[in-house]
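Next come the structures, one after another.
Look at the two complexes coming up: subunit A is in both, with subunit B in one and subunit C in the other.
What follows is the complex of A and B.
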């Protein structure tokens, strides 16, 4: 006799979102978490007294506003503060600012190239079109193109009509957009290298691809979709660090009598007669439920939690070939004061922005080459933020916290596993790069947490430390995510589901996969669908 | 006006242009072909090396041919002769362990039974996908978003074809089509040398490394067609590919095509309403025509023949963005006797010899190319055509023809002072693979991508008239809305490799263009 209707493995933000919807629908749900804190990669942790680190994910990227409103996350303490633009420091000692204000951005681009300022108008228009096309898909279940079921056929027809509705010109542009490299896509618009480098960054974050790798262009959307969403909450800081996102989702879950168990690592998923029936914990306890949902990535789920014989060889093969590539490291730095960046001047509002210290596509591509060859980038692409300028609660008064996301770092080095010395060397590379642009930066460091992809895997459980739970490339997107035939959140055994970023629409702190999975589970249980669809704004 | 009265001028006499011209002439049009060089065939054809030697110009092997075109034009009757068919691929590495690939069989270099089976499985699945690709080749790509019944039908049959492959193959297609060959090959086997050899086919002549996404399409493209219906098979044509060009020329003439050699076209002439009136040659001669078909690459067509001022800004922009980065050079050597390659027996010398020891090697080499530099160890496709064709060299002597990949068009240091250095480097590299070869060299030349641009008039020296990538493929080739062999200027058509289905000695683009012209102009 099982006590629960559903068990969700992993208390990451998607797991919690999924559980919240199941609980809201009236199901009895238990969430199991291996760590002694919840949140997965959306956490705030105090590793140095007085400082709160968002020590994994560091911004709300495209958190779905529908979910934010529907689960009343504001009431549960989540407050998202928009932050301002981006800035790129050039080798020549200048800066290039990116603003959320379109006209301001255009003027800044004009400082580098008049032609590019004009191109920016076209560029923004074209990208916005793509955003509007893709946005409603985030909160829908992808159809299975090989199936003849009415549900799938209807969805395919809907999709096809939508695509056709774009008109001939835009259809072609859409296909090109999804298959081109971000560098080549930008080269069709812009001539100035600083402009191109600054705009390309969002195309390579978190992925084992370089700016010249085809398939990176569409990642630009991530950056622009926030603008189109318009509503606060899609891109921004969570007040109190990223842990606030998880805590708010947990709050929504608990409001509907959900139960969370921490320090409860799942060892195995129990399968009986081709149906998942429960889980075994590391401590030997067995818990039963009719439905099991995994928030872990596919590799961890299928290769570690299932008994080998319970799965088909073909599935195992698909899982083994699923591409999860750790490519990013992270530095969390406690600072004794605010670092100065002379190129920017004092009190520049761009201090609140993402800072980047790499100003050409070739430099970024070379950073990628290092990764390919099993080294961390000697001249990395760093996405650097000082959240405490926006949210001072994260550090003692007058002190600051800096989050540095580093692209690229391999999960395993050419020389072998990461050692302490490697970690130190990696940290030094990053700190030196920032130090070049901020003379007092190094002296202000109170504490620095340096994390290799391996560290991220060990702590959070993300395979290879890949922040998206799997590369976001064409072969692993939409109806191919995580792999063909399993894009609708159902696993290969009955009663088993996936709800993490390994599923559609993929990584980022969106909470969309969790919500999408809940929709399918409720469908199977013949319950009313309570998961919101994307609002249509066109 | 009936088609009998319509005059067609074809620019360029490459193989696609000749195929197109011949089809049109057979259909009753009056067709004139204008070629700037003194012989037809474009990149295919015999080339002199010194006084006594001949080599195949740029292309040296026939692969993925469209047999239906060959048959329709009756090329065999007109003199096409193979000097060798169904060549095996012999892949070298530095240690002299050769790997031999013959269809779906592989042997050599300590390959195990398991790996042989893995290759068979890979081949089976890829050939199936290539078959799907090929099913789209023989007709014009549909326009998307149009209400035209023909387009709708064509698109629907594309979808249907994909479905008819069965769920597994359709999944394969969706999964593999936009990714890179590196990941795909790693899924199938661990044999590095085998993977390096296969990946070489994907990257040859393209601006990509094995890890570049889209390299699966190029691999599949290589597997389409094939002489004698054998996928991916290679053949050599006698007389240094000359018998192929000669047969095309004969077929064209027989059909009534007038071929003008040494007739370089300067521009297309228009009325004020942009109606075509004919073309002007560089020597000042003018020629009247109602229809112009361009066999040259899309960028040259619009920038040089039409002129950007006559086109919408958006069109000019798109055309200029067609990526045409050539990065394959051609090496020709005359040798005083047969070279001896390490690990290759004498009777294997006549096969297609490849140097590409591993995918990692290829990727590293490509990294140099990316930044406009040249690695000191370049991948090559080597043939010794004189083994099968004694007429190419004096008795006992031989000629070697190699495509050297990852030689960039834009060399950072400039080509002016680097060409002889790169030529020496290539010879030294070959000497390492075939000890003593250096001492046999009587004549040598290297055609860099810049030379190929100069000699054959292809922008960027890009063999395929535009890189074959997803965003320049099918209905996007060469640019959206022009994938149906037509252009914004009515009565101006394109028939070269820049159009669907792209490069290679297929003749399919020429045939498809001819069909479209017949339909629209009759």
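What follows is the complex of A and C.
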């Protein structure tokens, strides 16, 4: 006798979003979380008294506004606050600022190259075209191109119409765009290396690829299509840290009588007669439900939670071949005051922006080389932010929290597993790099949480610590995500579904995979669809 | 008396101008009555978010300020305004409207019960003549102090912390709509827990002589609380989310209306809570009694509209494609992620029966497009955080 209509494994933001929609539809839903806190990689934790860290994910722009509105996340305490711009510090002691004001940005590029300043107009337009094409796809289920079901055929027709609607030139451009490297793509517009380095960062964040690796142009788009209130490319902070996103989704779920159980790690998914029927927890408890949904990545789900005998060999093979490479680490730093960055001065609005300390494509590619060789980058690409200059809730007044996303760091070192000493060395590399540009930075450090990809895997559960639950390359995107035949959120056994970032449209705190999966589950249960479509940008 | 050549400076600078002009890096100014004030300072959305997340400071100096003083002050204001003014205790502020003889709203404003027998009216329009006409037979003295008193809005979650850091004791203990007088550099300064943003926030009234030092000190003390200046464009977004009306935008100021039917009564603006028909007399009472009996022509509503295209100036239709109203203010709300609007509805709209469909025009790449989007009526403000009401106020 099952008490629940559905059990969702993992209280990450996608699991909670999925559960919220199932519960809103009237189903009895239980969410199981292994940790004693919810949120997965969208969490805010107090590790040093007085400071809240966004321990993993740290900015918010991809979160679908349709979901935000539909689940009334505002009422459940979520406020996404816009912030502006990015800045790259150069070896020569200057900065290159990416302002959110288009004309300001163009002028800044002009300091490095007049020609590039003009090319920026064309670049922005072309990126906007790609964003316009892809955004409506985020809240739709990819069609199966081999299927003759009316649902798939209709979706394929819709997709082709959309593609042809782009016009001949843009169709060619789109296909090139999806397969190019970010460096080559930028070279079609820009000549200056600082400009290219600054713009390329979004193409490598979270991926085990370098700026010259094919496929990274798309990753750039994946980060650019974010928006805050319709301004594309704009980023925001969740007030109170990224845990606010998860807490608001949990609030929406609980409003519809959803139940969350923490400290409840799932050991096994029970399969009977080709159908998932329940789960076994680490403590031996068995819980039953007609539908089981996994928010975990595909590797963890299929290789750890299923008995191999319950799955086809082909699936196991596909899962094993799925690329999920840990490439990044994270530092969360509590600061006793505001660090100075003499190259830009205290009153520069870019103090609020994403800071980077690497100023050439070559340096980024060398950083990638270290990763390939099983070392963390000696000269890393750091996406650094001081959220407390915007959000007053994360540190005492006058004190600051700095979030440093670090690329590259391998899940396993050439010397073996990560040791405490390695972690320390990794942290020192990052702190030294920032210290080069901020003389008082090191003296201000009160506490630092240093996380290797291995730490992220151990704590959050993301395989290899990969932030996207799988590479965002074309062979693993859209109807190939996570792998061919399984892009519509259904698993290989009946009643089993996937709802994490391993599924379409991939990683980032979007909540789209969770919502998309809910739509398919409700379809199978012959319930009315309550998951919103993407708003039309046209 | 004003010099004859005042035309040489058609628009005044406020006492804060020296600093606001430094902070206004967009050099974006707008005219507000006699003054020029920033429309935006650095980026509208960030100015908006400062008010929702930390603190935004608005220069409210051009707001019209009237002082009503004398032993009949209470009796007088009770005759002038539609609401029961005896309920606005000493050191309290009340929102109020006042009407012409036809019961049509002239303007709205906030009435400050400043001292025993002294009220201040802060309003959009100058009301000296109206106030004087009603004053016949009352022992009151009425002045307009707009140019003598500087005003700031200090709005947002960290605003109490900033004022406290400036030495304004017990500021966090003010309840919404409370007033407290302080001494600042030897001058009296009045702080009220009011604003125009629907969040925790304060308004500060001070003499021009201390205005600039107050402003500078506030920004120095406020830095660690993420204080930001904000302009009128951000303020408009905030007040729509907060459910607050703008005279001259959401309703026609009765005295300026040329065409019949252009004005609205308090009932037609959803402000029936501001009308107390049990009072023996007030301006417009007879007409409002009559309207109450016969029913109103217009209904003012807050709308949540499908889609994401703001319904600015939209016509509204019912399911039979009959026009039932117009939108007065509209925006996409960054906090609710909703497409919101205020609208004035009329016949043949039937409450609870008719659909409301907005006809929205918008431009993409210079092409005009049109969508018809269904809307639902909401009763609460679109943004209504608990911290707006919490006393003591949140401190950081």
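Keep in mind that, in the parts below, the second predicted complex is superposed on the first by the 528 of 538 C-alpha atoms of A that agree within 3 Å, B and C clash if a C-alpha of one lies under 4 Å from a C-alpha of the other, contacts with A are read in each partner's own complex, and residues count from 1 in each chain.
Quick note on the criterion: contacts are C-beta pairs under 8 Å (C-beta built on N, C-alpha and C of every residue); 3 or more make two chains touch, one makes a residue touch a chain.
As the structure is a computational prediction, the values presented were derived from the model and not from experiment.
> Of the two partner chains, subunit B (first) and subunit C (second), which one does A:100 touch, if any: first, second, both, or neither?
second
> Quick check for you: in the superposed arrangement, does A:172 touch first (subunit B), second (subunit C), both or neither?
first
> Please work out whether A:323 is in contact with subunit B alone, subunit C alone, both, or neither, and reply first, second, both or neither.
First partner only, subunit B.
> Is A:391 in contact with subunit B, with subunit C, with both, or with neither (first, second, both, neither)?
Only subunit C is touched by A:391; subunit B is not.
> Tell me the contact category for A:79 with respect to subunit B and subunit C: first, second, both or neither.
Touch status of A:79: second partner only.
> By the touch definition at the top of the document, which applies to A:68: first (subunit B), second (subunit C), both, or neither?
It touches subunit C, and subunit B stays clear.
> If you stack the two complexes on chain A, which partner ends up touching A:239: first (subunit B), second (subunit C), both, or neither?
It touches subunit C, and subunit B stays clear.
> Please identify the positions on subunit A that touch both subunit B and subunit C, taking each partner from its own complex.
None.
> For a test of understanding, state which residues of subunit A touch subunit B in their complex under the given definition.
Per the touch definition, subunit A meets subunit B at residues 145-146, 164, 166-173, 175-176, 179-180, 184, 187-188, 209, 212-215, 321, 323, 362, 365-366, 369, 372-373, 473-475, 479-480, 483-485.
> In the complex formed with subunit C, which residues of subunit A make contact?
65, 68-69, 73-74, 79-84, 100-101, 228-231, 234, 239, 349, 389-393, 396-398, 535-538
> Quick one: which bits of subunit B touch subunit A in the complex? Just the residue numbers, please.
143-146, 163, 167, 170-171, 174-179, 183, 187, 211-214, 317, 321, 323, 363-364, 367, 370-371, 469-471, 475-476, 480-481
> Once bound in the complex, which stretches of subunit C touch subunit A?
My answer: residues 42-43, 45-46, 49, 52-54, 157-158, 161, 224-226, 307-308, 332, 334-338, 364, 369, 383, 396.
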